[in-house]
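Next come the structures, one after another.
Presented sequentially are two complexes of subunit A, the first with subunit B as partner and the second with subunit C.
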Partner chain A sequence: MSRKVAQSIRYVLLTAALLFSLAPVYWMLTISLKTEVEQFASPPSWFAFTPTLDHYYDAFVARGFGDYLLTSAIVAVTSTACALIIGTLAAYALARFELPWRLNRRLSLWILSTRMFPAIVTAVPLFLMMRDLRLLNTRASLIIVYTGFNLPFVVWMMRGFFADLPRDLEEAALVDGDSRLGALVRIVLPLVAPGLAATAVFCLIVSWNEFLFALVLTQTDAAMTLPVGIAGRVTQYEIKWGVMSAAASVAIIPILVFALAVQKYLVRGLSMGAVKG
Partner chain B sequence: MGIEFKNVSKAFGGTCVVDDLSLKIDDGEFVVLLGPSGCGKTTTLRMLAGLETVTSGDIFIDAQRINDIPTQHRDLAMVFQSYALYPHMTIADNIGYPLRVRKLDKTERTARVKRVAAMLEIESLLDRKPRQLSGGERQRVALARAIVREPRAYLMDEPLSNLDARLRVQMRGELKRLQHQLGTTTIYVTHDQAEAMTLASRVAVMKKGRLQQFDSPMNIYNHPANRFVAEFVGSPSMNFIEGSPLTTGIRPEHIQVLSQPQEGAIAAKVYVTEQMGNETFVFLTVGANRLIARAPADFRAEEESQVWITISKDKIHYFDPVSGENASPQESQLNLDTVSTTSR
Partner chain C sequence: MPKSRRFFSAPNKRELLLPALFLAPALAVLLALSIYPLIYSITISLQQETAAGVTWGLGNFARLFSDNFFLTALGHTFIYAIAALTCEFLLGLSLALLLNSQIRGRGVFRASLLIPMMLPPVVVGVVWRLMLNPNFGAINGTLKQFGINTESLTWTASPKLAMLSVIAVDVWQWTPFVFLVLLAGLQAIPPEPYEAALIDGSSRWQTFWHVTLPLLKPSILIVLLLRTMDLLRVFDQIFILTEGGPGFATETISLYIYRTAFRFFDFGYAAAMSFVLLALTNVISAVYIKFLQAKETI
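And then the complex of A and B:
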């Protein structure tokens, strides 16, 4: 009896949580499919409306949202890849090599400290630097900034995963004749793959959704990302709810697909190190 | 390949783990580094493998100084206590790994993996992953990975310590056989004196980072350099009777326990007996001393019963009570009085 009650409560809570997190998504999806008249119907038509793809056509064919999507994808994927490569190598060094003057710990903390102030603090300096480098309105500027932004996170996540791995395996690889880098690529990385996948998802999400730097560093269509493009439809005269919802609905898809693809690693990656075995 | 340690020391921070070690190992020898935990034997092995730096002194392989040569270029093979099998690779890939990193072509690699697997009777496991294997099987795979190429020497760090007793004895025999077949210099670290005695051509006994004695197993057993070696090698341990000017050491098998008095025998009381099946350990009280004697399997005695013991005179060792050095005269003269009259 009490088990049934507990079970029911669990489902009620789950449903509430799902409603809470998915209702806005549903709202957005319906807006993107409604005509502008139906969008403002009162009371709102939750289910009964005639769907239309006009807004999708408007966003991706008539306007430049296709380009924004491409820019977002290039920037997110490239910056994630850069952050993973640089961060993983740094994390491995911090986890495995004993540096003098207790630098392992000090460097790690220093790296973490770069994330301790609000992002807006660095926005102006970064803008000036990018201007001097003539990188404003380029994808490169965003890739550089996002890579730097994600690095501390990658270093700290991966450092933990490396530290949990027994040293014996790498030492065995070295004795077997492999180089440090070879042991890292052939032995260590396959074993921390779940952690790497989890880290990649976080980096990708952060870069994909980033708004502030994209807004500051890009003003033209040449390097506009989706979040900035979407926000740009809020104008002095009107708010294009339909176009914005359509673009936002599409923006969800890549991350969703990627997260689903690495899902089986994700759970293991997030709980790695928590339990040995 | 000959290996030589010349005045090698290793310090971690301020603590000296290996202290001025000099050791010359001949080509094809099976040398066991023996000692209690923390004696520096594993560190010594790891320095030879290049997994630890040398604080001072030099290590040579074939007269080539290898201090600054990185691990991967030392051409050694090592069996780890944990086996260190690569969990994400099949057994075949594990064994073939040293060949793969040497860029051996695939057909040659497969052939050599198969040959070694046949040698160690693990052919049926080649497609499995390490986690699907038992401890004994993993041990064999680790060994196979070491012998799949012809390294200059094998290094083994307590390779049998994770196996159960029966398997350990079996693998011990196979290891010995294998080393004779391959004839490759082997350095083997253990804290198990039985492994040292059975496997080694020479045993290096270490204590607190210092080499105590480096000799053949029989010489270590029969002529221990000092009290530590005498006590560490042999089971049950050697009996010691503290005395002045010398401490007396007698191995349990050199004490004969008699149920009837005999001329020259010393009276003793039985404290307890332990029947091992093939023999019986008799714990005795003689005056203020506790002694252990080995008796035949059928020896029976009640606790606190009166017995008599005789001691093989020529087998007695004497040690300096301060330095612990073996101080036995060439012609040992037994003074039985020291046994019955010394008190603490």
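And then the complex of A and C:
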């Protein structure tokens, strides 16, 4: 087989894989833009339809999806900020200070292992804890839970970024009379800023996408996130497909932006640095 | 890296105060949100509510063995995990091998293939509810155009096809992840072993089997480990697509635990089941990690 033929076969297969990945998402997008009559058209119309924004108006103005969107954003941003601050400090300690009893390694592994629990295992006791604390149906409960959920990831990622950094600069700052905290804030953090940003984006994605804890902890409009709001509409008997697709399409937008922003770090992030070793 | 290069000076009591302060908040949060819930969960799993009040014992765990719903959900979880893992691995590996060669527009392909796995699982559920809908879904609509009778193809609503459908959706969403990790692994392989194989006159198949695959093994094991752990706990997409139905056809163990806790409010039994899931996840990942470490010592 000549190289050219092999190469064209590659492109055909890849294009097929690409269509297979993207066509379903595109289909949802068309449903969100079609009138209810056109949604049920047979044969299905992929391109020929008159787009309307009615469903978007219906979802985000007439129905409560605007509130869900706001809750999702507040919860994602706040929990990411908390996890970053707490996690970066811990990561710095683990990467830069020699602790007794081989605690550097032991603590790192223990922190990582807390992330491995299946969500449903902690969902049951967390629900009961939040009920006892009277925090059910509040954004605070989700912020707390997501902070804990993202923390191991932040520690593990940032520990790697700190370890990659030569320590000469910090030492110079220390010699110049800077405190440890001062050296961390003024010298080290600017150097790991890209890694910090990538880590932040991952936390935002995880919090934005999270479903099980949100489903368990929030059932009222006051603290419902976008995924729970969408899910509530799906499982009802009469389903407003347009409204649901519009809400789901909006839920995708930040993810697309984020995914493009962290493409470079994606493999490392998704396997928590394990691949890089 | 020698220790002295990596860490600051040797510890003394004053030196340890700062790292302790830095670590304290993180450890406190993890104790409160991971360890305490786990202990709490153990205590509720040991309690059963009876007419006479709360009794302590292993009753919830004993119930597991005679609960057919639990055993069926466990079976479904295994079928789901094995089928999805096999498909995702084979497809992901093939794609990675295809894209590892010089191809124009590789960046575009790569970025587009990422989209499914970044989507919120709830959105994945919605996307495929729309694709698979028997009345207006794109799949049946397209099949009809080719003259195929789609009357019995009700996908997620059909007891026979529901499991197949939810597995296919998982494959759709997660094959790109397998692909990405394996592609990164392939690109980390240095050119020398390939050059040696070329000089030895190895065939392409021999090179793949004796050079590529062994060098790719760490990446393969890691990706299989991560996928297995995720597959065993699957909840979100199935909840949206079928809610475990029709009947009990796609009920996995996470869904059954959810139903037990939050529909029937039997928290003790739900906690007991969640420990089975936890133990299962731990045992299986321990096996993977053992393989992984065995590889590293060679």
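Keep in mind that, in the parts below, the second predicted complex is superposed on the first by the 234 of 277 C-alpha atoms of A that agree within 3 Å, B and C clash if a C-alpha of one lies under 4 Å from a C-alpha of the other, contacts with A are read in each partner's own complex, and residues count from 1 in each chain.
One rule holds for everything that comes next: contacts are C-beta pairs under 8 Å (C-beta built on N, C-alpha and C of every residue); 3 or more make two chains touch, one makes a residue touch a chain.
Predicted model, so just to flag it, every value in this text is computed and none were measured.
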item	value
Which partner reaches more residues of subunit A (counting touched residues only), subunit B or subunit C	C
Contacts of A:Leu169 with subunit B and subunit C, given as first, second, both or neither	first
Touched partner set for A:Gly177, first subunit B, second subunit C, both or neither	first
Partner chain in contact with A:Val185 - subunit B first, subunit C second, else both or neither	neither
Subunit B and subunit C footprints on subunit A, overlapping residues	none
Footprint of subunit A on subunit B - complex, ascending	49-51, 70-78, 80, 82, 84, 86-88, 97-98, 101-102, 145, 155
In the complex with subunit A, residue positions of subunit C that touch it	3, 5-8, 10-11, 15-16, 18-20, 22-23, 25-27, 29-30, 32-38, 40-41, 44, 95, 98-99, 101, 103, 109-123, 125-131, 135-138, 141-142, 144-145, 172, 176-177, 180-181, 184-185, 219, 222-223, 226, 229, 232-233, 235-236, 239-240, 243, 254, 257-258, 261-262, 267, 270-271, 274-275, 277-278, 281-282, 285
Subunit B contact footprint on subunit A (complex, rising order)	166, 168-169, 171-179, 182, 186-187, 190-191
Of subunit A, residues touching subunit C in the complex	7, 10-11, 13-14, 17-18, 20-25, 27-28, 31, 39-44, 46, 86-87, 89-90, 92-94, 96-100, 107, 111, 114, 116-129, 144-145, 147-149, 151-152, 155, 163, 167, 180-181, 205, 208-209, 211-212, 215-216, 226-228, 230-231, 234-235, 241, 244-245, 248, 251-252, 255-256, 258-260, 263, 266-267, 270-271, 274-275
